[in-house]
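In this document, chain identifiers A, B, C and D correspond to the written order of the chains, with residue numbering beginning at 1 in each.
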């Protein structure tokens, strides 16, 4: 008699053109193959008739029969992903500012963020002692005197030595090239310090100060080759007024930046996000 | 013996380069000339060293001596305005949507907004019955077959027959020309259905839908000759998600539009706003 | 051959103890009986293992076979409701304040709120002209000189003459007795002018002023026999500070009251709410 | 010729019954005595006619003449305080949860919070390594086997060995006695994990879960002898829904707790707060 491993929590994400009977069919196949559905969410985009589904279930990991049968059930152009529960590896990139990085290190330390952080990569040394005080490896990869291509080449070489699932740009203040980004689709999360699409690019707080807005914001998004134009994962704002100098905007903005980034990371790590047409469907 | 009128509530607004002793000097002159200060707020812009002040006081309206003496006290390039309390006249412009207009009519009816509305002007007839049910004059000024210049000419002719203090564009869906706008500086308030500067121009909800933002907003601003770029008076946002179609964004956005517009109007009517460098200082 | 009516949009709401296969079973029965599922949402309460489901589908109204078969499928203690799409009748109660009532009348007039309002009932005459200017019947039911029982008796007599689905208390400032409330379970929506459970009962703005809170709120809830303790449908808050007098709290609070009430009414009218343990599951 | 020290930034806080000419008089005395006013804010409570003022100025620290003259100018019952700029000493109390403590340690490390932290006191050892990794002293003061009086006696003895300005309870989960609290009026800041006055006392998230609220909040306040009833310094909320278990409320609530606490601490450290009638006037 075959020995089988214990059932594992798995997350199924499906995106395909809608047609009648999809939920019934998919849940039926999961039931038939002995999977125990824990939660199930669907969304049908009413404009383009696209079906999105996220299902958490317990199933035997070696049993992949149901997946093939689900694939057979779905229309063409379906995207289907299954993520078995595992501790995920997230590499953090940072530059000089500590508020987002430190916040993530704290969440990691308290196990609120139940991940591995194989290392923190930075093009500056300012944050080294912080990272090392959290007993994590810090990798300094200097960009001085290097072209963007050369600098990214060094980072890519380094990344090949470490398995990881996601990269989080925790205030990494360099623009990543299309070449770099395209190697990690939907695997790089960035925090931008404005309410996108307002104030794209450099110095958003300066731009906000000059425009005289009455709210400032932060946006977490997947990184694509278009600067600050990737699919948005989370956004938030706080009220400000005329008495806020640029420095006071920066000071107050930090608190939303770190909270919005952490919220976005949680969505990504829990496999709650399906991207489509440069937008996100997020099953909360 | 001279007969004097009763003291009147007045609002003094000052903007000038900062120098030591301004508050002391100004309050001193008000006290000396028998004015009774009710409230007093100052703000000094730390970047450009500009002094802003708003003072409410009771004084005899015929007594303008203190004003001349305050002027003498201030540096050159000072802007000084005094508004004696009076019931203000506000003309509303609208097109087809009723949520902002109706909300203002309700606030007027309940006396929350203690103003006169000499009339509502529209380039369409849809809102005529609503306005007339509130027992207010409705002026239809058709734009069909007219150039922008001709249409605005008709509006300007009409406006010359009615005294008014402010114009509120309560979802008036036509762009006003520079010629029109320049005749009423800081006297036209508009509501734009986005969190400016995101989604300037036409169809902001469509733009927001396509960008996949997680918050939508509304912005009330003074109208200047640059479309959607006038000084911002008030802004607010509400959370949305992937399940919001464009129509649902419109539906939910209405509730912030009307609330933000009413908030901005209150600031303007209570003389709480000083404009400078295309931004607003608002004394709340 | 039988003549059949056109398929009608219907909403199915289910609440029952959870067990494996419910979604599969229910969607299967709907498919089998020719219903076309438009949207489907489920929620399983992880603490008590209760299954909640809301399904919108098109089906022939005379076909109730699927309902009986769904019932047979569900565990005992299941609650199942089907609402065929129809224009709903909502009676509004008000007293003297016009902001919530007027807001609802405007939404009704613009068809944003696509309901019938058979009449507005009030224990005062202040709002009569407003209601009549919206071309709706106003029913004055005086409470002067009457006991609560007698006054409610008159209201109940009047209600028996008018079919209606829901009652909305749009700032109706009298407490309804247990006898009254128990006749319309989950059919009376109230707006309370505080962030419940803070400031239960009379004068919440006065209580908020005296406590010195930095936010004020509004809560819409189903009315039960316990004052201000019914299941919460919607809540929101706005920031305030020490400069807000009680009157300014009232003024600013109105804007959240009316928006929160309208949001709650939309949930109720669209059959998005399932009550359980004095709480609401709301499928947005 | 006398040697004088350099002028120092100082903050003047005044609270007294209102009378005409106060601002003029106070600013005049500051000018006369060579102080350079940087910013000036006043507020007059319109209900009780109380005058509140906060003035930042540069003046020679040995010059206290102006203070005596200001005192002479004010009505009886005036409270007047001057705080010369200095690096303040803040002792942190914590128990087991790290999110508020860690957040403050990070802000301290990055110099966003420009204070001294002489030590962190805790009745548990869980947070010792975190504090020590930030290179700060950790003082474990066990409460096991001690009465509240005995435990506080030990803390008080320890506090006598360390000069400090404020105590911050960063999730310190023990109730402080009236005896303890009364020794540090307006010097202890606490964070309570609810939107007070909702959910006073133990387990506010459990209470929020059971009541089914649609927002959860956090409140920072000065500690007085009445549990959770001290003057409120800052509050904020985030939206939640039926899908939030108690644990998810806790998880999400942490992000507002730490941000609200930090905001309150900033107000206190910058001498922006005047307490009156168990409420706070906060000059932002």
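For the reader, a short list of remarks on this structure follows.
Simple rule for what comes next: contacts are C-beta pairs under 8 Å (C-beta built on N, C-alpha and C of every residue); 3 or more make two chains touch, one makes a residue touch a chain.
These are the chains along with the protein names UniProt gives them: A, B, C, D = Formyltetrahydrofolate deformylase.
Source: prediction; values computed, not measured.
The minimum number of touch steps linking subunit B to subunit D comes to 1. Comparing the centres of all chains, each the average of its CA atoms, the largest separation from subunit D belongs to C.
If you average the Cα atoms of subunit A and of subunit B, the two centres end up 42 Å apart. Chain geometry summary: the mean Cα position of subunit B and that of subunit C are 36 Å apart. Multi-chain contact residues of subunit A, defined as those touching 2 or more other chains: 243, 284. If you sketch which chains touch which, every chain touches every other chain without exception. In the complex of the two chains, the subunit D residues touching subunit A come out as 97-99, 102-103, 106, 109-110, 112, 130, 133-135, 243, 251, 254-255, 259, 262-263, 284.
Within the complex, the subunit D residues that touch subunit B are 20-21, 23-24, 27-28, 31, 36-42, 44, 239.
Chain contact summary for the complex, subunit B toward subunit A: residues 43, 45-47, 195-199, 210-215, 217, 231-237, 241-243, 245, 277-282, 284.
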